[in-house]
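Each chain carries a letter (A, B, C and D) given by its place in the written order, and its residues are counted from 1.
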């Protein structure tokens, strides 16, 4: 993710969003999700019903292993890149640069929540349309392979990426750790380990798929943590207020009304 | 930078190639994953037949058969206090027109007795073109699906031709495929538009976030003054409007559908069939599984209380059948039907009326391994179960459940 | 002293306005997406089964559980958006977002993948109750009054608002010698291998007194618990919108 | 850093399926592929490792039993010929293991089970391996108008020096943790430049 396309010397207030990069994020995430969905449409009912058939190995387990390799690689590359290229002079950047970077952070967050939508809404409820209809015979079902081992690692990738971006490039986040940001990234991340609880329960007790079973409530609680993005929003707003203060304005702070 | 267009084309070509290569036939599902003791000692199915394996959309298929609730029910599996006769198909490829257990409609969940036999009949109507492996299936509350024998069934035709018409008690004929949909969508659109209008009303006063945040902080205790009387009037109109529309729609729906009933959820108990053993008593003496030979060997003490000599013709368990071709013949119905047509033999010959005799039977087939039944010896509870079929000279059948500890033999 | 400077990047009010607008443009999609995602996973795993299937939408459990579970996010968003921005659309945002997520999934997956008829999987109608909750907030300008009056209204209005959608499915049918509602029949016809009949958590008949008045009793109870849940979730919303910074974690 | 990761990932991957030639170990199933058909392959050494099941290689010499279970029912209508030929070298672990060698096939086998039909779908081969050595197994199946050959090299009496399958994933996870810990311990704390006073 590069800095927005405004040239130095131009008006800083123009082109902050970077419509092009938002469009690229939007469409590339969309394309990946559609690819997964089409793959399911083609191969789930025909090849994904019996984990003991060789076809299941070919179409689904190989997809799973492929995903794992790709996720490991991408995590190493993206996170490694963000850390490696950190800005050691982060406390000396100009306010203009900081403003631009703040909007880059927002682009990262957009990427994060856009994947969160696909994982937590689209593919999560899709899991019901699969497991309430079929007999569960493995932990790695065609809906789980995409949901738990595809989309969830994908948003973890983006979420941690966003956090690292802020930590390495924005002075405020470099100086202190934003607790709501940590919650909003780590909470949904914890959903992945929670899959362990889910599979454990389903192996020993719940052969039927009751979506509202208490077994699933770990996911619910961890989903709530996405609300912490509200706290992060206020933190970012307060910083932008500082960065956009006009000379004749009263400086608005969080505590001023208390 | 790679040539973007070229890369996309390449990807497309690879995708198309994969799809073309893998347009392979549909597959079966998950029966093998269940633990062997679960498959052998819960619900034992037999005589399962389907009326046809090739049909068109809107045509009907009948599946019939019997099931026996094994007497030595595993203690960690919930008993069939609440159970529901189901069908294992991938989504509604068929609709279930009717299902009967001992002639009683199976629309409700049912209570069953351990150690008893029931017969079932399910009438299905084809809805969607597909080739599926269809299973008889029983859902038992807290125990999950107990899967019966499967058959490959192929449906051809177009789903668009499918109709599912019923006549309500109020005399209206409706198609359940679309019934009530337009009305529901209409209401969702109506409320959706209002919700969107309400959100856009605020968003178009924008920028709303930072300026309003600043204002809230600057005004402090007076921040509520940011809400103008006009805003509040919009809120009031919305509140009254919503309540009026909801009230009207509620009474209007009552006027349109004066006769309604709540969802029906009763449970029933169905009496069992008479004992299928017909006076044949069997006692298990010992049972061994020969690991390298893939053979179950068991010795039983048989007492024949019928008035005709009987011979052992079949052993069945976990939907696999070992046939003794000298007494009873059966062939696999399709590629995934585990029937060992030649799999069983026994020593001891016929048991005469009134006689008590030891019989030593051997059931051999690769299915022990390929259907993962041999894993039984690694289960926490390594007892087995199954049904044996005796036939007398007139072809009358006695069905007796057997079971007990199973010892592995490795040499 | 903080290592972070506090110098402005701009000089004119026009620039400031432009930045504020840009901020809205990027934040609003983010908020919408995260609300859909987080609220939907919450909804599907607490009231999902009732919402998925027409033969789960009964007059006791669905009516009770849905409003209680669904008030969580509107309450948290009311806190965030009202306390910080005096914006009164938290409930409509949450419920509208949830419906977008639900419809996308029902069409693409329940119908497009599992081939159920769409009328079997139409989501419950939750917009009217959200509009009421927001309206009470803007009229009263008080989260407390919204909790007490709006929360009650929220619970009560849920079933009447849905009756127009589900009434046709409660028409009786005689089928194989049994009387069923159309909804029951749809559930029986369209085979769900992993979801047997008994797994439905629905009314199984009442004990004496209130006999036929199952729905109002359930709705009032739902309203009552919704009020309590609203206040609980105001606090949770408050907690989540804290702007804590820490040197180390 | 990246390289280590790759190695770990591939170590993880290799638990999924590995084997020699026609015999593949897939998870907990040992499969023998003959043309389009699949059999389960199980090896037992009742005298030394009573209940243990082996996939191709036999760890010790002595009486050994190999059982082939046909997964595809069509195999029951075909004849199966099983032969073992002495070899000089152990399995290579490459794709060449599966290549049918006609000269090899023409040799007098070490032992052979002549072509026969197995209607119960299970074939038991008992052989006493007196000394350790390397072998090549051939399975030849023949139906009405089709014939397929599968080749799989195996060794007897060489205990498998590799990491047991069940331990691969824990070892890989452990390695990842160690790598991360080393990285955390050795990493120099990042010193950010202080803010210059304006």
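In this text, a residue touches a chain if its C-beta (ideal position, glycine included) is under 8 Å from a C-beta of that chain, and two chains touch if they have at least 3 such contacts.
On a predicted model such as this, the values are computed, not experimentally measured, just so you know.
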B-D or C-D - the one linked by more C-beta pairs in contact: B-D
Averaging over Cα atoms per chain, report the distance between chain C and chain D in Å. 53
Distance between chain centroids, defined by C-alpha means - chain A, chain B (Å): 36
Between chain C and chain A, distance of the C-alpha-averaged centres to the nearest whole Å: 23
Touching two or more other chains, which residues of chain C qualify? 3-5, 7, 20, 23, 27, 84, 113-114, 116, 192-194, 196, 199
Listed in rising order, chain B residues that touch 2 or more other chains are 88, 90-91, 137, 139, 145, 209-210, 213, 216, 223
Multi-chain contact sites of chain A, meaning residues that touch two or more partners: 91, 133-136, 171, 208, 234, 237, 240, 244, 254
Classify the inter-chain contact topology: is it line, ring, star, complete, or other? complete
In their shared complex, chain B is touched by residues of chain D numbered 40, 42, 44, 46, 50-51, 65, 67, 69-74, 119-122, 124, 126
In the complex, the residues of chain D that touch chain C are 192, 194-195, 198
Can you tell me which positions in chain A touch chain C when the two form their complex? 11-14, 16-17, 22, 37, 40-41, 44, 91, 94-96, 98-99, 103, 106-107, 109-110, 113-114, 116-117, 119-122, 124-126, 128-136, 171-172, 175-180, 182-183, 208-212, 216-217, 219-220, 223-231, 233-235, 237-238, 240, 242-247, 254
In the complex of these two chains, what residues of chain B are touching chain D? 291-294, 332, 335, 340-343, 364-370, 408, 410-411
Residues of chain A touching chain D in the complex: 54, 57, 61, 65, 68-69, 72-73, 76-77, 80, 86, 88-92, 171, 174
